[in-house]
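Just passing along the structure, written as structure tokens.
Letters A, B, C and D name the chains as they come in the text, with residue numbers starting at 1 for each one.
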Amino acid sequence: MAIHHFTPQHYYNAMGTYPPVLRIADGDTVITKTADAMGHDEHDQPVAKRGNPQTGPFYVEGAEQGDTLAVTFDRLYPNRRIGYTNGRLAANVVDPEYVREMPMQSPWCEWELDLENGTATFAKPETKLGRLTLPLRPMLGCFGVAPAGEQAISTATSGPHGGNMDYKGFEQGATVYFPVEAEGALLFVGDGHAIQGDGEIVGTGIEISFDVQFTVKVLKGKRIFWPRAENETHIITVGNARPLDQALQHATTELTRWLLEDYGLDPVGAHTLLGQCIEYEIGNVFDPAYTVACKVAKSILRQFAP
Amino acid sequence: MAIHHFTPQHYYNAMGTYPPVLRIADGDTVITKTADAMGHDEHDQPVAKRGNPQTGPFYVEGAEQGDTLAVTFDRLYPNRRIGYTNGRLAANVVDPEYVREMPMQSPWCEWELDLENGTATFAKPETKLGRLTLPLRPMLGCFGVAPAGEQAISTATSGPHGGNMDYKGFEQGATVYFPVEAEGALLFVGDGHAIQGDGEIVGTGIEISFDVQFTVKVLKGKRIFWPRAENETHIITVGNARPLDQALQHATTELTRWLLEDYGLDPVGAHTLLGQCIEYEIGNVFDPAYTVACKVAKSILRQFAP
Amino acid sequence: MAIHHFTPQHYYNAMGTYPPVLRIADGDTVITKTADAMGHDEHDQPVAKRGNPQTGPFYVEGAEQGDTLAVTFDRLYPNRRIGYTNGRLAANVVDPEYVREMPMQSPWCEWELDLENGTATFAKPETKLGRLTLPLRPMLGCFGVAPAGEQAISTATSGPHGGNMDYKGFEQGATVYFPVEAEGALLFVGDGHAIQGDGEIVGTGIEISFDVQFTVKVLKGKRIFWPRAENETHIITVGNARPLDQALQHATTELTRWLLEDYGLDPVGAHTLLGQCIEYEIGNVFDPAYTVACKVAKSILRQFAP
Amino acid sequence: MAIHHFTPQHYYNAMGTYPPVLRIADGDTVITKTADAMGHDEHDQPVAKRGNPQTGPFYVEGAEQGDTLAVTFDRLYPNRRIGYTNGRLAANVVDPEYVREMPMQSPWCEWELDLENGTATFAKPETKLGRLTLPLRPMLGCFGVAPAGEQAISTATSGPHGGNMDYKGFEQGATVYFPVEAEGALLFVGDGHAIQGDGEIVGTGIEISFDVQFTVKVLKGKRIFWPRAENETHIITVGNARPLDQALQHATTELTRWLLEDYGLDPVGAHTLLGQCIEYEIGNVFDPAYTVACKVAKSILRQFAP
């Protein structure tokens, strides 16, 4: 259970079976940093190519195809005091005819972060929002493992391997599970958001560089099909696809499997529970693949679980 | 501001320009009852045709095309002790190939309600859930006004006029706004759910008859395009369409309009606020038209609103 | 087998259970006229409300819920020399971001018809197309029967009852089949297009008034779920829904049923035939419900059909 | 203008920036072979991994990012006498609830090819189709170039780089255009279908090994966004995405650009032409990304083109 301090020297803009930057053991912890979505580091200096550059890949010993990799985010926090957002809604989240009524220009906006008090304040340009101040909710927008079939998938998009899911539930304290497809799993992390609304509908959260600490665990022989997660209160599954309907189908199917396989439920029990207790969240409706999360409260599962 | 006690004698399974059952004034309150989705009343006796039979229509004096009708739910509560759910996931909410793995039979399930303590307990058939007990969250699944163009639209589906939206935010304390298309608005109410998960993915909430008390208000000359709502904490808009992507576009466009028109925001301000603060909820992914709600917290709006 | 000459006096902009304008017997023929989509007649004079006003409804004696109504278009031809089109692509048929690059104005265009030689020539405004001349392919964009459940559905959209399908296969010589839901079926016809591209992607065909002659036949006890059709060369089914994927599912399912029920095929045979021989056509991607047609050549069916 | 005879020794199941198997000059012709989708060669012997294994990549000298690669299929023909199809409709092409009514088993079917007369005859298993005989229409299901950003994309799916488009218009005589993203373009070819219905709705055409002859041409500085094609009668664009609606948007946008850039049309002219003359075809609705083609007849373009 070693703790590794890792400083990235280069970054990847796709997730693939690249040479690992560090080999770690099952149970190890890594303390590292991520550049922001535009490739800027904690000094807001360019260190990587824009488009969610990734720190990694980290090779986890013992992880093989057919296993599951668990990644617990021990710490996720912005490491500089300025963040950026896009200032115009994406064309695909409004009625097509309404696109004509939207601004032609898409301004780039600045936010000032108070890291001690955990807030972000809108700074530029001037708008009727004034100095709107919001509580931080730090999350990673893009992270995952090497995809199946020796593919290399752009960090613009997502899939069963994770990637650019932009789901605000992926925050400190969460454990995220990925299907392992390549030897060593090859974990990547990047794209911190200080805050992000559901759907990432302007195409960004508050984009910023992060300090990241995570701990890995290999679940040998555990086979899953889509990313899963859990936090203190919920179990969660995630589907990545277009349209939203299909992302929702992936997530719902995966959560049904989880209840049937690990919670001892029969089909009528599992379906009934989901029917009355499921909660859906929309990760993003901006990226090439959209992301839908669904979850069930652990307090409900405790009523009947073994 | 009269209070009307109204006992339904017949019900409608579509929303259209039918002869009103009661004429009420702007500001009046109605205390009435709704049958459940199968057409059973508070004694679980058949009184209406199955398929979300509606109490109404109520003619609101002074409401004309181009106005908005506000309906506040003063009270929404089940009025009997047994509710029903479907026990199998709808085929369209899981991966298409997974449909083959699901049960061929769709059992009908019973829940016992403790109206004093506000809980529902799963009673039949026997499953691994045992006597799962959940807190009530009463809501109306299907209600709305007469649609545009003298249409009569089945209560199976929904549209700009409301209808079968199956969104759990439509609960006691909420005020819902509809675009008025017919003289008198012609308000219908029905389809109470004691509890419903997001998406109504088994095709039902806990279906039950309700006591309903509501108060109406006409906003003269106020023009909206999709249902809006507000409660103590949020302003909300709703889009009804397939696929989910389009329902989301309708809701997002309507919320953008609301911020621009009534909160004094400029486009960059409105888009930025939505980008970092919007919350999406999925009403239903079961009915012919799906329902997506989006909302913003009033606590945020208070930072800059006039 | 009477032939009725019917001159419309008023028109409907929804399809519902309205009082019939004419009662006809099974086997009868009707010769009538339709106004264009804007409500103009053969003299280009306004006679009806815009939005695909319908001639009818025609009550067909003997037609009851659970039957199928067959409508053969004996003659469909424009009856004036000027037609109109919209001159800008609908926002929903291009990439959302591309909407910003399209013209802000949507010009109204005129076409001159040569009814003797069967061509239409682009006349106004001036464009680089010059006097583009195209062969006529007359079709009805919007027609159908009263929908289920005593609904009244706007002629802007479509469903199992037909409606605004805007499919160019609905032309002279075709026989179209509808599920009967109301007593007498209640047939409506309207919305002639002299020519229309696939998808009706500018929102119009060449809109024009028509002479229409059709013959009806009741198929007692024949139950179908979506419109079907046949012409000299193909059998055809049509699905009306959004997104296109769902319209395609409806059409494909209906064609599968048809092969299994009426052509004596086993599932492997039917699926194999469709897999290698199905042809899809896109009716419209403009209206609230999109339309997908699928078809199989009769020359193939003759190889094994009884 | 050399002619290269190339015999593949190994195959790729993804399209990426792999070491080229052959370097060819602009204008050269290649005569080679492709294995079938299951990885079987002209003797029906396994030579590659299943999943549309590709012959190539071919490095085309002078092709760089920002150029367009033109590939003309001089010859595409099956090179053995047995082909295979799947015998059950994919779950995603029928109504979700109808999936429950379909066969649980998906039989593998054999077809005998008469290469001299150009027909395929259904051979096994026994069905009510008997020995259904269809004319060959040979096409390549999966081919393309290295995608952008050094990605490696599975041959199960498709994108701007081509890939598994399964569109029956990609046949002998067609010239297909791809955006070049990697140095040398890196062209791959594979996945021959002796026949395929629209949509590839059983998940296969008649899968078979092919003789392939193609000629390349580099269009320096010509920038396109999606695959384009032309044959004797039409110009064609292709969009690859889910849902169908988005694939159609990509194709329609690309065809609009083509008319504006290369045919001298103004927006109203281009939009009007597409509105009344566009033809849509559905490539596949089976693969992870669906494919929609749209096209315009050259006979129409000749009326006004320079």
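Here is the rule we go by: a residue touches a chain if its C-beta (ideal position, glycine included) is under 8 Å from a C-beta of that chain, and two chains touch if they have at least 3 such contacts.
What you are looking at is a predicted structure, and each value in this text was computed from that prediction instead of being measured.
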Name whichever of A-C and A-D has more C-beta pairs touching across its two chains. A-D
Farthest-lying chain, centroid of Cα atoms versus that of chain B: D
Interface residue identity across copies chain A, chain B - same or different by half: same
Roughly how many whole angstrom separate the Cα centroids of chain A and chain B? 32
State, to the nearest whole Å, the distance from the C-alpha centre of chain A to the C-alpha centre of chain D. 34
Using CA atom averages as chain centres, what separation in Å is found between chain A and chain C? 47
Give me the residue numbers in chain A that touch at least two other chains, ranges are fine. 92, 96, 102, 242-243, 245
Within the complex, which stretch of chain D touches chain A? 13-14, 16, 51, 148-154, 241-243, 245-246
Footprint of chain A on chain B - complex, ascending: 85-89, 92-96, 98, 102-103, 107, 109, 122, 125, 127-130, 132-134, 195-206, 242-245, 248-250, 252-253, 256, 264-269, 271-282, 285, 290, 294, 300, 303-304
Name, in rising order, each residue of chain D that touches chain B in their complex. 90-92, 96-97, 99-100, 102, 104, 243
